[in-house]
Amino acid sequence: MDQLSQIPQLIVTGMTAGCIYAIVAVGFTIIYNTTGVINFAQGEFVMIGAMVAAVLMAKFSFLVAFPAAVLAGCLVGAVLAGFVLIPLKRAAVLTLIIITIGASIAMQGIAQFLWGETAIPVPPFTGIPGEGFVEDRSFHLLGAVIRAQELWVVAVTALIVIGMTLFFRYTLIGQAMRACETNPAGARLVGISVRRMVVLSFVMAAGLGALAGLTVSPVFYARVNMGTALGLKGFCAAVLGGLGNFSGGIIAGIVLGIVESLTGGLLWSDYKDAVAFVILLAILLIRPEGLLGRKADQK
Amino acid sequence: MSPRTRTIFVVAAVSVVAALLVSGCAKKPAGDAVPTKAPFVIGAIFSVTGDNAPLGVPEKETVTMLEKQINADGGIDGHPVKVEYYDDAGKPEQAVQACQELLANKDVVAIVGTTLSGTSLAIAQMCQQAKMPLLSCAASVKIVKPVQPYVFKTAQSDSLAIEQLVAHMRANNVKTVGFINDSNAYGSSGREQWLAHTKGTEIKTVALESFNTSDTDMTSQLTSIRGKNPDAVLCWGTNPGPAIVAQNLARLAMKQPLYMSHGIANKQFIQLARSAAEGVVFPAGKLIVASAIPDTDPQKATLLEYTAAFQKEYQKPPNTFGGHAWDAFMLVRNALDEVGPDKDAIRAEVEKTKDFVGITGVFNFSPEDHNGLTKDSFTMVRIKDGKWTLAD
Amino acid sequence: MAALIQAVQVTRAFGGLVAVNSVDFSVRRGQMKALIGPNGAGKSTLLNLLTGITPVTSGDIIIDGSSIRGRPAFHAATLGLARTFQNVRLFENMTVIENVMVGCHSWTRQGIASGALRWIGHWREERLIIEESHRQLGRVGLEAEAGADAASLPFGKQRMLEIARALAGHPQVLMLDEPASGLSTRETAELSSLLRQIVSEGVTVLLVDHDMQFVMDISDEVTVLDQGRTIAEGTPEQVQSDAAVIAAYLGTEPN
Amino acid sequence: MSVAASPDSRNVSRKAVRRLDAATAAPFVIFLIVYALVPRFAADKELTMLIYIGINTMLAISLNLLMGYAGQVSLGHAAFFGLGAYTSAILTVRPIPAEVIPGLGTGLGVAAGCAVFTSLTRASGARLASAAAAMVALAWGSQAVHLHPAAVLLISAAGMAAFAAAARSGALMGGASGLTAAVVTLLCQHLLAGVLQRGGASPWSGMVAGVGFSGLVAYLLGGQVLRLKGHYLAMATLGFGVIVEIVFRQWTAVTGGSSDGIFGIPVMRAEWLGGIGRMTGVEVSPRVEYYYLVWAFVFVCLMLGVNIVRSRVGRAFRAVHGSEVAAESLGVDTSRYKVQVFVLSAGIASVAGSLYAHQAGVGYIHPSEFGFGVSAQLVVMVVVGGMASIWGALLGATTLQLIKTWLLGLEKTQHTLFGLTLTGLEPIVFGAVLIGVMIVMPQGLVRGVSDAAAAALRGTRRGRPGGSG
């Protein structure tokens, strides 16, 4: 079975996609935990990071492009937070979800208006400058070819995971953000500004998304329509990991990426995209609280 | 939300809408030469937004350019040309409504477009019933087969590209092929045609895979193809999918020659695929290798002229899709020139067109053939040193 | 007289926490029974078990001769159980009278087709439902608010509406979870007289409350629960003088 | 709602019921008049728009019943729309290839068997899955050896009875579901082969088949998925929708895939409805007739919707939304009603799908018309029109269509602003409108506008005594 020897390669590529799903899932989780809102525009943050980086890289060094991309993401996140905040107090969750859907549609439209629909190549972080373009380095491991950029993706993911864990566990703001969702009234009583926390959560989620986007753009290219699919898969990961559960979302994201890649490579590539959703449905029906979530609280 | 913020919000929203409306009412700058006769109105429906904008945008740009050119030259027989543009965003439902709008306008004499096979098929029946000439820029052979009197198309059918590919493969002794396609309309159509064409021939399709337009990695599919060890890999899709395929293939160290479809006949593919683009062979309209084709080729002058004009207007090279729109628009223009604004006459005139030298090829329409092209409209191209060269 | 509701060695655990611990409990037909206990004694949990909303971990619950173990929650209602909730659960998306009309669900039969196509059965039944709903609303003094949104009622009236809604189902037993909490003295008095009237009509009533005063005045029999176990049972007088009860109340709540 | 206040008078309550219905009937009368007269004043262009509005209204009503009334969010509703459209289209023009029929028939049979099994035993999850597997095995086994149909029925029933007995689900119920599976399998295979032979069924039977199929899928899916709540339910329905769209795209042998979609779908005719047009003195073109057909369905849906929400079952739906626990405590079998409203909703969406597929002058469908974007748009229609408002669905669908048409025109006129050609504005404006409506009128347009009007009215009234009015 020659196919079996492809498994390491499939895992490597699945891992790259999986890391992005994981970061998107983390973004979902941050916003969900502070506001209880499912942010359908999460994938667009990734797109914005990738696009801004790609556009700026053409003219400036990455020293300008990368911070600018993350900043642009944060800014868009803050604006979106504003839209969500206006009606937050009295609005049904569905209203907020629709606002994020609207924002996602509008963001894609604006991006398309500004940058057009064509995919833009982005040079890898550590590549070999070639003739007119930068070629990525690559390594061989167990029969799999690993590109340097993929290591970057994994490294950035790891960094985000560690950063987030420290942030939520050890900083006051992190704990305050967690308090907001559990008990907004209580949070207000002890002097936490819920509004500020909501804005902060959107800014953080957007910044992370943008970071993910710019990291992955050398592998995937930057495209204005890249956000929707990544957003939905990331959402799958967040749910599989148990909504609101960070480590669950990250693990689920990576597993999802790998399973998808394996199914696509070994079984049916035609239905590769359905895999994530089939798993999702199956898991939801067997364990409605998610793959790694805690049992629903029995109040 | 306090009443004040709400007021501010409403005021802001209203002013944006008002600004849009006002700007719409503002007079457009008049053209250079303004012929005085009543304008000929032509409808144009392209996918200017959405996933297929890379196809639709150059089409629209081409038509806009031609409209300007013709009017600057004094119009057709003294009549200015006015094009009504619609965007279908690649959605059949939107195309139907755009078409309906155009049909409702009594002045419209013909419709150019749409970009995609799906949207063209969606409005073909409607145009036929309303006796409105439709010149589609989409590829699917089903648009003109069976022939509906009022429906034409200017893009080559995929089957012509496949004939060229098969010829090249035969010449290079390729017996087994791993096929991979984008699962969008373009890619699935190619797959269907490929399978139909090679069925029962000595060229065997040993692996059949697909990917999604928004997919970002095709290693899994290619790994599966590698397992079957074909003589060559053929990828059917539009950017950026094929570029990713080329890159993944290179990284998997697969040595097989890589064939592609005419969907990659633009510079973007080379930019995206970088060194992986090297050696890729694909059928393409002659537009991209215009300067390399022999001077005896009847199309050469037209191709160079279009390339220069487009480059001047938009500071970028044209592509095949823009070429389809050029052909469609010019066919209508010529017919208008000949018979004036009469839909039935235009239809008949287009159908009579012989030896029309276009961008896509040399068209010879007949009541049985509403595409009018042969496989000679394609030529095989190889990417060498980041440049297009004629493949042997 | 046979027990209408019988809980046999009922236990319910949430994770490691045992909220109700092998409780035997019964309500006789026509009785006004009270279930009291300090906060966190497991009263509401026991009530949820009796009405089938929470499944039992072990033990069995028999209503009017048939067990509801393993049956869906609505099954208890079809056996003649109706209840109100500690923190009122009205259908806030409906009007006052529509809330009560839902209460008539268990004794009406018309299906979706009948309602959609307005068959004769629909008309006939709808009339009965409206009559019954008005009767129940009149009984709790909400006639005038029939058309108002349920959510717009003041709290006291919401409680009354919940009772009317429960009664509209013609229950054999009415279970009330802390009906007097949040009510003014006047409203509590009205509630007492309403409950007496309900019992006089032959409906069995089970009251759950931690307010001794209110309960002692009107109930025939009282069961006291503490930390998931029954600690006393008897007439109000017997219970009031029970040492264990006094200890439980004094120990946990200086009431 | 004004209900008379004398509780004991039978007469009064009878009148009350009648009066309520009379009040709700008034808009329908206006509707019918407008319905009949519209083609006198509308050209093909407007009629096309109205046909889309009508189809979208039906979808919005179906989703509103599910989401606005019963409180069950669905982000995959376009799937049922698509199932209706595809079933209809496939049966009429793209008969299923012969080699797929045995498998497809078996699939449908097993699905039907599962539906019977789960409704009889309330089995779910793994138990249902193993029952399904058993049925598939029995069906394949008996078909592989070419048994007489009667033998197939017998074996299937007996086999399932044995399985159910082993799984402690009741032999009788297992037998019944096995029998159903076998009967439906044979029937479907026979019917599909018949359709193939005749080269296509009529659009009307296509529509009926679509409703049956969508209903079956909704029943099976709903029974499992509707146990979930909130975001999980939203995610599960979204997942279902995405999967269905992928199947439309990829199962080329049956659905035609995404290259050319399905074209040349015959028009659904209803000559007698065209008669309405003739009465008002209009020349009845196929499009006019189709307009009458679509809006006749819209009328029926509006009426069913309005009637249902104001009936015993409708109140049960709304009670599920209000509080499931309270509803259960009153004897409402919430899981049953949730499935019921889901199936009803899927059925209406499926009818809308058939109408979409058989549209006069178009007759074309493509997978892209049934994806997540469409599902999201349906949710938007419902919310813009107003949750829990049947007539709001009409308003929501109309509003969205008007915005779309306006945007379509924007492209034509090539507006410029600050020297930029404004093209491809649709998504931007569409997104902005969504956000705007949600912020300014989260209750939807019906409530939003009426509240604003009421506020304005109060303002002028208050102003009047001062003499400023």
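The first chain written gets the first letter, and so on, giving A, B, C and D; residue counts start at 1 in each chain.
The rule we apply is simple: contacts are C-beta pairs under 8 Å (C-beta built on N, C-alpha and C of every residue); 3 or more make two chains touch, one makes a residue touch a chain.
Keep in mind that this is a model prediction, so the values were computed, not measured.
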item	value
Identity of the most central chain, Cα criterion	D
Pair joined by the larger number of C-beta contacts - A-B, C-D	C-D
Chain centre separation in whole Å, for subunit C relative to subunit B (CA means)	71
Mean-CA-position distance for subunit B and subunit A (Å)	34
Geometric centre distance via CA averages, subunit D-subunit C, whole Å	39
Subunit A and subunit C: spacing of chain centres that average the CA atoms, whole Å	48
Overlap residues in subunit D, where contacts from two or more other chains coincide	250, 424, 426-427, 432, 439
Sequence positions of subunit A contacting 2 or more other chains	86-87, 109, 112, 228, 270, 273
For subunit B, residues that touch 2 or more chains besides their own	1, 9, 49, 53, 183, 210
Contact set on subunit D toward subunit A in their complex	67, 73, 124-126, 224-225, 227-228, 230-232, 234-236, 238-240, 242-243, 246-247, 250, 372, 376, 379-380, 383, 387, 424-435, 438-439, 442
List of subunit D residues in touch with subunit C within their complex	1-3, 5-8, 10, 13-14, 16-17, 21, 304, 307-308, 310-316, 318-319, 321-323, 325-335, 340, 344, 388
Touching residues on subunit B, where the partner in the complex is subunit A	1, 5, 9, 49-54, 57, 183, 209-212, 214-217, 219-221, 223-224, 226-227, 229, 239-240, 243-244, 248, 251-253, 268, 271-272, 274-275, 386
Subunit D residues within the subunit B interface of the complex	43-45, 48-49, 52, 249-250, 252, 257-261, 263-264, 361-366, 368-369, 404-405, 408-417, 422-424, 426-427, 432, 436, 439-440
Subunit B partner contacts - residues on subunit A that touch it in the complex	2-3, 6, 9-10, 12-14, 16-17, 86-87, 89, 109, 112, 116-119, 121, 130-133, 135, 138, 145, 147, 216, 219-221, 223, 225-226, 228-229, 260-266, 269-270, 272-273
